[in-house]
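The next part holds the structures, each set out as structure tokens.
Presented sequentially are two complexes of subunit A, the first with subunit B as partner and the second with subunit C.
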Partner chain A sequence: MTPPVPTPWLEVDDLWIEFVTRRGIVPAVRGVSFAIGPGESLGLVGESGSGKTVIAQTIMGLLQSPGRVKRGAVRWQGKPLRFGDRFPRDDVRGHDISIVFQDALAALNPLLPVGTQITEVLTRRFSLSPKTAKERAVELLALVGIPEPRERVRNYPHEFSGGMRQRAMIAIALACEPKLLIADEPTTALDVTIQAQIIYLLRDLQQRLGLSLLFITHDLGVIAALCDRVAVCYSGKIVETGPAEQIFARPAHPYTQGLLQSSAARDDGRDRLLGIDGTPPDLLALPPGCAFAPRCFRADAACNAAVPPLAGVGVDHAAACIHPLVGAEAVR
Partner chain B sequence: MTPPLVAVDRLKVYFPLRSLALFGGRKRVARAVDDVTLSIAPGETVGLVGESGSGKTTLGRAILRRVPVTAGTIRFRDADITKLEGEELRQLRRHMQLVFQDPYGSLNPRMRVKDIVAEPLLVHGVARDPAEAAPRVRKLLDLVGLPTDAAERLPHAFSGGQRQRIGIARALALEPEFIVADEPVSALDVSIRAQVVNLLQDLQAQLGLSYLFISHDLSVVRHISHRIAIMYGGKLVEIGPSKEVHARPIHPYAESLLEAVVVPDPVRERARARVPLAGETPSPIDPPPGCRFASRCPLAQNRCRMDEPPLEEKKPGHFAACWVR
Partner chain C sequence: MNELSWFVVRRLFQGLVVVLTVTAIVFVVTRLIGDPVAIMLPLDATEAQRETLRRALGLDQPVYLQFIDFLRSLFALDFGESYWQHRPNIDIIRERLPATFQLVGAGMLLAVVLALPLGTVAAMYPGRLPDRITSALSLVGLSVPLFWLGLILIYVFAAQLRILPSSGPGTFVHLVLPAVTLALPSAGRLAMLVRSSLIDELNAPYVKTAVAKGLPLWRILGVHTYVNAAVPTLTMIGWEVTRSLAGHTIIVETVFAWPGLGLAAIQAIQREDLLLLQAIVFVVALMVVVINLALDLVYKFIDPRISV
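What follows is the complex of A and B.
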């Protein structure tokens, strides 16, 4: 069940992000809005080029030139966050919101012991004494399931395995005691059994600490395991959003349905996998109407005429489609 | 029973490590592939599954004779190819090809698509010059579903899925009977994966190819494979008919691996009390005696830590290496 959302913590409001390149201005994110409430987990699904990672970077204030916010707002507990100058400092990012990246090896500092990378956050954020900070670092490593944390705290990132590094990343992200954790494909580079461990850990942390979660991935299975709500991105827009159960059981947008059908995990013994024909459009040459229309089996002239807005198709469930799948069509 | 196209018998691939021998240290070896026996029939797809470091990629390369073999034999069409060299090895390469994981790194960015696909034809003297190769290149591009005008373009003009098609066209140029596909769809977006998987299946039906399909993605492997082989720590721990392995895995590792797969179904995902397999893949360097999985295995007994379990036929056609089951 989806809890009601009284006052959202994070609000992304009509966010437009573009990249200035030699070939032209790339509209990477085109009017994205969503909100995350206390303790809620939202899964942002999309394939490469859908804009999902850029959204996460912008929320964290990590958007780099040539990327820039064209318009829109990101608010934390009602208060607008700044973008612009490189890595704007405020008391939200790295305090109330933190992030876990896909590539832990690249995100960790190779020259510092893992423990130091945690105590750095603690001393800066809470002005803890070095001794207390170290104790807390050991606790955090234990919290994320690293065995022998008292010894491991002295290890360097290269002395950790892939799964352990990702746990260490999560420990660092949790050090500032965030209310919202953004996880950008944190399990994509991991083996299946290790991925299962990390999913289990995140779910456990979410329950124990009451964390909100913004989970970014291309893997619908991971979303199903972790998220209350789903927002599906395609070419810089959210094309469908709603409660996870609804979206997985009765997708309304043909793209969502295609994604679900492409997944071999729901193989029902048929000879061929149902993929989606074609490829995502070039963001520099977007079609005038729905960006998915060229690949869509339901598209007609109306789809190519204007960009369809997100419109309600059910309780708390919206799709940006002129011909949403309804009733018996909306099967996965 | 038809004779196998490829038969691997007790294959070992050990990599010597640069050791501290200078200081009196012992020479150490990484046992990437350790005593693996496996065969692939004509027209069959064997899915090879395992986590990073399990030895699956090394096994694939060893069968293609692209890494040195330490012990054991590899037979292709009933001829021992383990020790082939020079011209004979070069002739063998026409029959066995590799499709790579990375559709970006595996195509020369400065070569036009027609030259990439024609290169094996020229190297093996099937065509004397690009002009002679041209009709064959056109056919190959058509076979993998690329437009004819693709021939004149450079790889960067193509998306990941299309690049993978170019890589497949190149692998097919010499009309091989056997293809090792090493994670061929892992780098592709979900909606594109299905296109490439379907293409590989169509090509198999048309050309009678055999595949060794290496992947860590169990769902794709189940879909495409006739049989599934599961590796752990350099060992083959289970092999059997695809559906059978999926529905009734025997080895506890196979069971955990299948259990770890997340499915896009929130109702099912929420309902299951997931107790993930603890621990991590062991190092292939100086492995302990006994079963490689014993340290993580919930069923492990003393014997498992002492003696190595052999791969045995537990059910007709379904083999596993486990003392307990």
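What follows is the complex of A and C.
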């Protein structure tokens, strides 16, 4: 007997997002779908410019003109979410879903104490009294591992170190007691040891609070420690998706393999992109076939003829590739 | 001594330097303009009379001694006697200051009250109708010459509609037209600044965070962006107050016969009352220095990143 499929909390369904620019309409996200269930963690990985931030911000309702959702839906517990308002407010964003941004220094208001930036969520969300809210803010800072939280609530963002600032950002995101936390490259701006601490903190929080997690990164290696599932994004499309261990053990898409190799190279201290030469295509001049074909060592005429759809390559594992890596080829 | 007191002491010292510089310039200029003795005595005065007065004014002393003497009396708030009114200049200034304070206070308050909502609405809908209307109004407000604006207001509200007095001191209704005249151009400049600062702030990443937190619009605007727009806005308000005190009130008080310091300055010039003019310039310079010191302290209070 197969276990019942849990109803996903977040569903991103055939999402198309474009930016109207002077040079033309940039199709930044092209038919992305994924789902995240209760307590599940999904890693969204891809090179810079592949559309990860645009997806995250659209889920949060933060997509700003000139960006617009061309097609598709984002649903929370089955309910479609709205986009396109300049100051969107509903009972999902900032209630059930919250977000941690890459650059905490920019994302925090420089002129308000960190405590205020937490308590304003608490008073809005739970109608706490100022005093209770302050106590709760101290608890939240303690929860994310900030030492001397009682003193720190009064500090301003610039008085925190980079790592502590990102912890404070996480505390703010947790203040509304979300069910899903989106983390958009939360460690990219930090140095390696601090990165590891933040990853560890997120994993710990996820387990303790039963959070679902959408973790966005350009470094596949980071995902291994954190995510159940992986979705690999290339030029606005998901090119491979599957359980994390399968993706790591048997990547099917040559692009995923390249990402794995470059992540391994980073770990060895060889700081260059192994496996992937060249740059992503100009979104205004996409090739007719697979967008990765011009950089792919396996590409042939068929790859350039038509866009390959996502197709199953294993249990719960799919890749958008005409010539997926199989068997020994997939070993990195 | 803590950081803040050091800051205040340093600022006070800088202010003192500014006041001294202004004073020195005034001292030199008044002595270049003409011989006070020649102005103060009738044309047919004898050489002996001139010599007596020169000695009485200390003009027989070397220039640097004169300057030190001049400084000493200034800081004792002794500005000498008005040649025009034959009484201490300090009394004239005391008498005139309240009217100027009323005018500048009412005018600047009105400017801020107009500019904040207009600038905010414009910033929320950049390029759209509310923004266009605000920007057009601001442009008109800031490009109209003060004296012309004053005359137009007098023509419309005093001469034609006859609902407000055109000139003179006294009651609140007398204050309306001069204060509006002083306020409108300032409001135009301020509204444009509020608009552009808020547009910048609304695009800042921390606003995304605030939106993602589900905060209501009033809190995003009224707390998050306003604190960040406060420093440029207060700088501009300080600048407007300074310009009013040191310039615009002269025009407005003259047009409306408003008996403040600005009108006194014009009258002093007309009557060649150099000591009175000197005293007014000194007092205005002092006020400007105090305003700037106060602003610096407020900035530090708003933005803890400002190092001292």
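We adopt the following convention: the second predicted complex is superposed on the first by the 315 of 332 C-alpha atoms of A that agree within 3 Å, B and C clash if a C-alpha of one lies under 4 Å from a C-alpha of the other, contacts with A are read in each partner's own complex, and residues count from 1 in each chain.
By our rule, contacts are C-beta pairs under 8 Å (C-beta built on N, C-alpha and C of every residue); 3 or more make two chains touch, one makes a residue touch a chain.
A quick note: this is a predicted structure, and the numbers were derived from the prediction, not measured.
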| item | value |
| --- | --- |
| Touching partner for A:195 - first (subunit B), second (subunit C), both, neither | first |
| Of subunit B and subunit C, the chain that contacts the larger number of subunit A residues | B |
| Contacts of A:21 with subunit B and subunit C, given as first, second, both or neither | neither |
| Which superposed partner A:304 touches (first subunit B, second subunit C, both, neither) | neither |
| First, second, both or neither for A:156, with subunit B first and subunit C second | second |
| Which of subunit B and subunit C A:129 touches, first, second, both or neither | neither |
| Which of subunit B and subunit C A:172 touches, first, second, both or neither | second |
| Partner chain in contact with A:245 - subunit B first, subunit C second, else both or neither | first |
| Where subunit A meets both subunit C and subunit B, residue numbers | none |
| Contact footprint of subunit C on subunit A as seen in their complex | 57, 60-62, 87-89, 93-95, 98-99, 101, 103, 106-112, 120-121, 124-125, 156, 158-159, 172, 175-176 |
| Residue ranges of subunit C in contact with subunit A within the complex | 204-206, 208-217, 219-220, 223-224, 227-228, 302-305 |
| Complex contact set, residues of subunit A against subunit B | 47-48, 161-164, 191-197, 199-200, 218-225, 227, 244-245, 248-249, 258-267, 271-277, 279-280 |
| Residues of subunit B that touch subunit A when the two form their complex | 51-52, 159-162, 189-195, 197-198, 201, 216-220, 222-223, 256-257, 259-270, 274-278, 280-281 |
